[in-house]
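We just call them A, B and C in the order they show up, numbering each chain from 1.
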Amino acid sequence: MMEPVLKLEHVTKRFSGLVAVNDLSLEMPKNCIHSLIGPNGSGKTTTVNMITGVLPVSDGTIFYGDTQISGKPVFQIARLGIGRTFQNLKLFSSMSVLENLMIGAHQMTRIGLIQFLVDLRGEKREEKLLIERAEEVLEEIGMADLRHEKVKNLAYGKQKMTELGRALMMKPDLLILDEPAAGLNPSERREFVDILLKTHEKGIDLFLIEHNMDVVMNISTKITVLNFGAKIAEGNPYEIQNNDEVIRAYLGDKYKPVDLPPAVEG
Amino acid sequence: MTAEIIVQLIVSGLALGFIYALVSIEYTIIFNATGLLNFSHDKLIMLGAYVFAGQFVVRMGAAPAVAVIATVATMFLFGVLVATGIFNPLRNMASPVFAVIGTVILGRILTESARVIWGATPFTVPGFLKGIVKVGNIVIPKANIAIILVSAIIVTALQVFFKTTKMGKAMRCVQQNKTAATLMGINVTANINLTIALSAVICSAIGIMVIPLFTIDLTIANMIGLKGFAAGVIGGFGYLPGAIAGGIFIGILENLSTLIIPTLYKDCVAFVLLIVFLLVKPSGLLGHRR
Amino acid sequence: MKIVKRVLLAVLLAVLIVFPMSYDNAYVHILLSQTLVNIVIVMGLNFITGLTGQMNLGTAGIMALGAYIAALTSTRLGTSPWIGFLLAIVMGVAIGWVLGYPSLRLKGVYLSLTTIGFSEIVRLVLTNWVELTGGTMGVQGVPHINLFGYVLDTSRKVYYLYLVVVILLAFTAWRIVHSKWGRVFKAIRDNVEAVEACGIDIAKLKIQAFTLATVFGCLGGAMYAYLMGYINPTTFTTDLSANYLIMMMLGGIGSVVGNILGATMITLLPEMLRFLGTNYWLYFSIIALLFAIFLPNGLVSLFTKENRLGMFWMAKKEKTGGRR
């Protein structure tokens, strides 16, 4: 087996008494779409927030490749090539789609403030590169015609897409998505998943939290199930659907194996 | 001898401390109810002093007791007016920057109105709460006693009001969750109007009580207004018991500071403490964090 | 459209150059120069409060430090005002760090209270450290600026120098607002967490925004000192900081043109309202309040592409119909 992209070792998160994530260990292999599922309050978003550095871990360590990322500030973790989207949209609502995307690649620009004040041209060249990159991404997410629209005037689905676009702008190697399909209607969801799959084909690993089992079971190569902050099962979609504990805690009868053909091999 | 000086400093610091405590209560209840920091609060205190002294006592020759009641009533009505006309629209603004600026401009209007109505010349109310009481070798001005008594009464009354009356409980609901309060059938707007009126009444009480301490002019409350902000943070922002603790803490500490630093820099104490607390212990003295 | 804009700018510039020449009144010249000083300070405030959304109520303290370092070195050490300007900039960078650091840990109300505290401490120290600052007497006899041997001894001459300075600074400010910095500052105002998730070091940017604000502020302070020839701590109160906020908002938050409009309006309008008699400040404040409530995006929002003049009514309709 290859070196894992993301490795959590005995990670625990306590909020004064409440244990949100309890001794979670997890490995995400390369070239993988890894889903984290579980009932509400099972610690999924907390886990993502610990990976991205928003919340400090109480115990344990998180590795990205060989680098230990637990304990690093959010922006440094992001700079290693981890992009993310949020459960509740976090966009720059007063700005246009294009500008939102350009912020996504802001940290790749090199010109400093002093140099900018003296050099009247340099920054313009950088801006041009940024815009070109943004146009590419806009094309990928199919929003080229909306580039100058203010984000706050867009439909929810398009806003989600903008957030994805912003994360893609920084050319991440790993993309963490917190409930990408939530709040989308079926056609928007299909479109979103298509784009995710295309992104994955380009070599970006995906780590997602998702409640929509159609999405999870269809695209995941590996699934981890959390309940009360602890891992209760792990495996490929077929294994998960057949796991009694998962059915009891989360999936319910609907995904009983008899109803479904064996899913894609992991 | 030194002990006596210290006791003397503490006693006079206590009175000012209670004033700071009231100031921080007065803006904290507005902050809790609306999420707005009322930067015009010092001007409301100034207005209270002017309505009492300028209007009722000097112009109309009312007895102080009558004037106090009249001032409180006037300021209550004024509070409702300001709340309806200014605070409620500002509360719905897109950015808190707008709301801050709105209250700042309100303060400017109050100052200018006072200048137009009562003139810019500083004045005093002769004989109002003047005189001293001697306990052993310690001299206590009557004004200080009045301040401590009245403040204690106001603080207790507020606690009783918030804890036991239906209206007070409704106000606490509004502070915690406006949407839920609306769903429970509480009229949030009316509630906020009332909170601001209550705050205006406290402002007028402060305004009346500081008259014996300072001359009445348009900037009478600038310093206590700013120190009241400091008191609120030092005690624990947005938390009433913290406001009281912070106020008294500053009042006493800044008086005691004159033992070691030049008296001139006494006024700096509150602000230095403010910044130190914000950076080191933002939850304040009582360790309460919203 | 571009040509129209250029013609308008040229006409404006011509008026700004010709008007003080034709109008021989020292008071008017001081007032116009004062407007230029205010424009500089408001453009600075715009970076931190307007764009980045960090509430700064300490503008008076910043300006005071700039004014005092310039005035004191020029009077006590007898150095050239140009050194004074340079020191004001250095001072600005220093305060940028001092004030920027707390802003990394404090948000909203807490930050505005910190900046008030800073400003009050500055004012109290300037008032009470009599040996150095002259206390409430202030610093008198600040020398005139000497431009390559040509002494700017009237406020009209100072006005022309400041006009050039302000045009340069406004151009710089405009460039920053319309560069990646302006964009990322606005992004911080809109959503800090998202900016961090994009791998951007917020600490560095906030300190940059603060430093821009304080450098402009201190420079404005120094300009004020050399314009007036006399400074006094009673000028630099929290009310003054509030005034700059009002200027920024009335003009239009985040826009350099708005800053210029706002600073000009607030400095000159009270004088124009003088025909209303002694109450003109009252009427002026009421006008300002109406602006704050009904036109929160400032004067420039009247002229933006999407809104035109109809914006005022549209916004109201939306409010009655929509949520919140």
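In this section, a contact is a pair of C-beta atoms (placed from the backbone, for glycine too) under 8 Å apart; a residue touches a chain by one contact, two chains touch by 3 or more.
Chains and their UniProt names: C = Branched-chain amino acid ABC transporter permease.
None of these values were measured; they are calculated from a predicted model.
No other pair of chains shares as many C-beta contacts as B-C. Chain C has the Cα centre that lies closest to the mean of all protein Cα atoms in view.
Ranked by distance of CA centroids from chain B, the top chain is A. With each centre defined as the average position of its C-alpha atoms, the distance from chain B to chain C rounds to 31 Å. A straight line joining the Cα centres of chain A and chain B is 49 Å long. Distance between chain A and chain C, defined via averaged C-alpha coordinates, is recorded as 42 Å.
Of all residues in chain C, none touches two or more other chains.
Residues 31, 37, 39, 86, 89-90, 92-98, 100-102, 104-109, 112-113, 115-116, 222, 226, 229-230, 233, 237, 262, 264-265, 267-268, 271-272, 274-275, 278-279, 282 of chain B touch chain C in their complex.
Across the complex, chain B is touched by residues 49-50, 53, 55, 57, 102, 105-106, 108-110, 112-114, 116-118, 120-121, 124-125, 128, 237-239, 242, 245-246, 249, 253, 278-279, 281-282, 285-286, 288-289, 292-293, 296, 319, 324 of chain C. Across the complex, chain C meets chain A through its residues 172, 175-176, 179-181, 183-184, 186-187, 189-191, 193-202, 208. By the touch criterion stated above, chain A contacts chain C in their complex at residues 52, 54, 73-76, 78-79, 83-84, 86, 90-95, 99, 102-104, 106-107, 109, 113, 116-117, 120, 123, 126-127, 130, 166-167, 169-170.
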